[in-house]
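Chain naming follows the written order as A, B, C, D and E, and within any one chain the residues start at number 1.
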Amino acid sequence: MPIGGVIFITLFIAAFGTSLIYLARWTGGKAKKTSQAKFDVYECGLPVEEKKDTKISVKFYLTAILFILFDIEIIFMYPWAVNFRHFLATGSGLLVFGSMMVFLLIFIFGLWWEIKSKALEWD
Amino acid sequence: MTADVFLFWFLALITVISGLAVVLMANPIYSALCLAMTMISVAAIFVTLQAYFLAGVQIIVYAGAVMVLFVMVLMLFDLKHELQAFTRGRATGALKIASVGILSGLIVGAVTIGLTIAGRSSDEVISAAAAGGVVDTTRGLSEALFLKNIFGFEALGVLLLVIAVGTVALSRSKGGTHARD
Amino acid sequence: MTSMGNTTFEIVINTIKLLAVFLLMVQAVPILVWLERRGSAFIQNRFGPNRVGPLGLVQLLADAVKFLTKEDFAPEKGNRIMFYMAPVFALIPAAVAYAAIPMSVPLKVGDYTFLIQGYEINVGIVFILGISSLAAYTILMAGWGSGSKFSLMGALRASAQIISYELALGLSIVGIILLYGTFNLTEMIHAQQGIYHFSAFGYTVAASWLPNWGIFYQPLGMILFFSATFAESNRLPFDLAEGEAELVAGFHTEYGGFKMLMFFIGEYGHMMIASGLMATFFFGGYSIWNFTPQEVYNWCYGLVGSEQIANVMNVVLHFLSYNIKFAIFLWIFIHVRWTLPRFRYDQLMDLGWKTMLPWALGNTIVTAIVIFVTSYFVIS
Amino acid sequence: MNQQALIAILLLSPLIGFFLNGVRFRSTNYVLAGSIATIAVLISFICSVLLFLNLVDLPPEARRITANFFEWIAVDKFKINAGFAVDQISSIMILIITGVGALIHLFSIGYMHHDKGVTKYFAYLNLFIFNMLILVLGDSLLTMFVGWEGVGLCSYLLIGFWFNDSAKAAAGMKAFITNRIGDAAFIIGMFILFMTFGTLNMHELNMLAPTIAESSWLGAVTLGTMMLFIGATGKSAQIPLYVWLPDAMAGPTPVSALIHAATMVTAGIYMIVRLNGLFIVAPNTMMVIAIVGAATAVMAATIGLTQFDIKKVLAYSTVSQLGYMFLAVGVGAFGAGMFHLMTHAFFKALMFLGSGSVIHAMHEEQDIRKMGGLRKYLPITHATFFLGWLAIIGMPPFAGFFSKDEILWKAFSSSQGHILLWAAGVLGAVLTAFYMTRLMALTFWGKSRVDKSVHPHESPWLMTVPLIVLAILSVVGGWVGIPHVISEQIGHIPNFWEHWLEPVIRKLPTVVEGAHHDETMLEWSLMGISVGLAAISALTAYIMYTKKEGASDKVAKAFGPVYQLVNKKYLVDEAYSAGIINPLIEGSKNLWYYVDVNVIDKATYKVTDLVRGGGSFVKSLQTGNMQQYAMYIGIGVVVALSFVLMR
Amino acid sequence: MPETNMITTIGAEHYLVLSAILFSIGMAGVLLRRNLIVLLMSIELMLNAVNISFVTFSYYSGKVEGQIMVFFVMTIAAAEAAVGLALAVSIFKRFKEVNIRFFEHLKG
């Protein structure tokens, strides 16, 4: 696996991107502070309000957690999927098929539960 | 110095530096991003050990999922005023540092001593690996996973289910006296 | 061997090739932008950019000049490091992943064989999925670094959306992996070459008028995959991250100039990866209808009578074939953007979790059962 | 089709049925629940038939299909595979289990449709079938034991199915605990056998058994097999552990038919037949088995004479018939034991289902004194029950005749046999004929004593179809094993049964001396004696209970105390209570009062004080600071590592 | 063997030492940081260190079991992160901070 290539292109792009930003800064110049409003973040023209606790729905992080769990279950299916024909050819197909179906049953039950318990409900 | 050797040192350097940064950065978001960096370089180290599929999984699961979750939660909390990164205990600090020092020393010692005492020179091991060779790791992996470790595999499925149910329940809890939002 | 070749010549060529793939991607972006603007104009019965140069083609250069002369701005409240790092990182996943997609048959020059792709990776699918899942960081970094509520909201929404659809994306290609039994994109294309044929119950079925493409085995998988890639690249109808009515411009509210352009390159890069993968998984990659590369080569050889030229011709023909498919999917991306309305956020999440994920799951199970039954029970 | 796949489908189909019904156990949709369960078992039945046909295709010596799905336990030399084997014996068993099981499932749809827990009921039934199949197919004792425990669990669940009734719940517990005693012995038996042979694979055990020479009259093999037999007495309701089976009638009637007549209770016999190569080298065990079997057969039959609950009569009849089977395997007639197992499964399942039909018709009335003359209300039930009756009392040419006769002949002629055993068998047959006729007469014949408020009606087709099928099987089921002496007369019909089982059954030599002619004569005459006596006994019972009113009471009076004793089931339950259970309870009370309060509690208080003192010191370490805890772990690792390194 | 061997020949011990260093860094993070989430991240770091040594042993012994272990560790780690973060969110909801010290309320 040409990991050297991957690292090379990564470093190259990082350098490329950085130099582009510097180039733009050089040609365009640094922003001149003509007023405070220019440097405030955009809030539709209203004065910037700073609240101590921004209420962000906990749903986001719940989604991320559920994503992790299901993602791992999907990852487990990859080595199974890629060698399924191999298993079939070597005679252990039934066992492998059955065990994955049981696994999928658990998966489906989990998904069904999440949907039923309204954990995935966005209002 | 061949490319392989250079690669190892390069990756080891990145891993250690970004690992150190995880612990030393005061802002948890930087810590999280550095940890993601560590994960990616560990994946690259896996590649140098010919564990291609695991490297992919490492990136997908750790860098692409777990660390995204961390970053997301940190942004959710928006902890801008993290003044103090380390705990201050009554005289426990020194002991902690000492124990870390001893621990690291012992681990390094254990590894080197273990390898030399066993009389296994590294060349020998390398040739064994090259001869026996992990030819198709994904196939070997899935054979070991689905034929030998079926119970572990199914148990993990159940574990993930339980965790999914548990986290949903936990996120529903209102955190004790906290008013409902 | 960890790197790019055995001899200096090979390493140099491969390095140049990598850069070329990257530049190919970067230079495609202005064209796509132009295409998108002109195309949307035609769809909406407008003119679009038509003043600068013929058909407005030089508009791109004018844009570039504008980008370069804008003053460099970063909000005071934000985190400057993150703010500047985010657009740079936006480029990386797209380019690194795109380089892994094969674009033509290998070119044989003397003793050397050059792959027409950045690098060949034997766990290609896993690699691409992993790398493109890193795109969420870019968005989160941009959103957080801007220090704006809109940006943060947009970033959270976008990343939640990306990871939600990553499930459907990952699951929709399990069927394809089951079918071809490999992670390697090149092997996958090999399996799709030639005429439509498969074996079931010990018999082989073939149809000479159809190519052996994945879409004929995995139509549902294709639809799910394609829809999920729309969400992955934050394109309409899934561009909730920048729903103007709610969040101004989402995570890149505070960006402008070149930094904005780099986000665009990233987004278009994702589109290109998606199109390339669509072609690779479901439409035979670079293969030409139902001809194998050997047949095409023989035809070329019969035409020109020289092995070298036939080789090159073969490569060029396949490259063209790949690019035609590639372009069609890119156009579908653009066309969909200007045709469909945007989802509401709850609809978007419902679609991802409650519709596409179960369907992808069903697709996987059905595929597995069919493969199991047809190869386990051999009627002799 | 792949044979391993067949075995897998055979096993998994009821399990899937169990899950499908189990996850929606609150549903009262009896059609859906019943169809799922019945179809699951039907699929298994089809697989069984296909496997059987596959076996038939193989040459006789190689008739064995094994499937090792995965390595279950591997600890050093102790390796157990999740392996299953279909051979001549287990193929018969799976056919019976799934075939009779499917019929009973079908019957249950009709019988249980009004019940709130119908889905749960079918889930349990399917789980039972699954476990029974594991028991039967498992090719090592441990795999078998999994099923053995599983069917015990299902039996418990189903006996206590109506657990709101505390008596029924208690019956379930009684069954479970009684079985537990047997199971403990079974486990000990496994230990002994593993120590002796180093394997638990039954095939290997059978192969290895002849190589072990028993040194004394109670050697390892004898002890091991004896322990297994005690396990079997628990599961198969033999003296002394039979007491749970009559109480187990608290469960739904189809359950009694399936679990407590046709399948589960025969597990003990099946186990012994499966291990026949092992048991045959332990003649002492065999003797014990034969004696226990004969004693049970007679004793349970006498109790059956005096019972008035229709299901109790059948239950004691089951115990008695199981005694017959043990008698058969005890005298080395393993084939005959299996044969009787099969025919018994047919006719006893039939009779139980018939009784279920009667109970259903009588609106949950089980007392036969309140029945009578039901023939005209329940024609189909009566007709099928009648055929079952003929089969069980051993009238030729019904199924029971052939199997019972074979057992009696072997009890007489085998080298393990004895004339007393034969006599006990005949006595049992005579008693059986009597009480079964009594049951028929009181239930179906004579004058109606039915309560005016009850209007008996024939059951729906769902319930009668299984009855008819089982009735046919009860008639023809015995024809696969027609003994030589009879087949010689009617045109040399081969004895399929013996032929089929021959490769896996070790035979004991026949000791009756003399020429072939003498032997034939002897067999004919013995057959004549037993059939004749049974017929006379049945006729007596018929006259006593239909023609002469009050004759039975007179007889009962005449026997007086004996009758009372038998009617009270020989006071075995009471004896157990007085002899074992109450002393245990009383002893425990005393222990609690004197030893526990005065000695143990005081001592523990002292210990508590000590611990509390120590604890308040240690408590200062528990700061709640996780990082300190982590540090302790770290220090522990350091200490452990340095210990390893310094060594 | 020449002195430069340590640098130019990469063997198992290099990977193992790297793993040990990473483990120690993670351990230090667990012991010293006060933010609960950073603590969790340090644990992930330690798990990664262990994964490196598993893969190393797998590679140098030519057996795939080590990789299976890594697979399982990854799953467990993800599960642990999910639960840990759920706890952190609960704590944050109540105290508006995620200091590890808040766990001291849990002591008996």
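Quick note on the criterion: a residue touches a chain if its C-beta (ideal position, glycine included) is under 8 Å from a C-beta of that chain, and two chains touch if they have at least 3 such contacts.
Quick caveat: nothing in here was measured; it's all calculated off a predicted structure.
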| item | value |
| --- | --- |
| Partition of the remaining chains by touching, absent chain E | one piece |
| For chain B and chain C, chains touching each | A, D |
| Most distant chain from chain E, judged by the mean position of its C-alpha atoms | D |
| Distance-maximising chain from chain A - centres being C-alpha averages | D |
| C-D compared against B-E, more contacting pairs | B-E |
| Between chain C and chain A, distance of the C-alpha-averaged centres to the nearest whole Å | 16 |
| Distance between the centres, which are taken as Cα means, of chain D and chain A, whole angstrom | 58 |
| Whole-Å gap between the CA centroids of chain A and chain E | 21 |
| Residue numbers of chain A (touch at least two other chains) | 1, 3-4, 6, 54, 56, 58, 60-61, 64-65, 67-72, 75-76, 78, 82-83, 86, 94-95, 100, 107, 114 |
| Multi-chain contact residues (two or more partners), chain C | 2-3, 121-123, 126, 152, 156, 159-160, 163, 166, 170, 183, 376 |
| Shared-contact residues (touching 2 or more other chains) in chain D | 2, 5, 70, 625, 627, 631, 634 |
| Touch relationships between chains, expressed as pairs | A-B, A-C, A-D, A-E, B-C, B-D, B-E, C-D, D-E |
| Of all residues in chain E, those that touch chain D in their complex | 27, 30-32, 39, 100-101, 103-108 |
| Residues of chain C defined as touching chain D within the complex | 376-377 |
| Chain C partner contacts - residues on chain A that touch it in the complex | 1-6, 8-10, 12-14, 16-18, 20-21, 23-25, 27-32, 39-44, 48, 54, 56, 59-60, 63-64, 67, 70-71, 74-75, 77-78, 81-86, 88, 93-94, 97, 100-101, 104, 107-108, 111, 114-115, 120-123 |
| Chain C-facing residues of chain D, complex | 1-2, 5 |
| For the chain A and chain D complex, residues of the former touching the latter | 94-95, 98 |
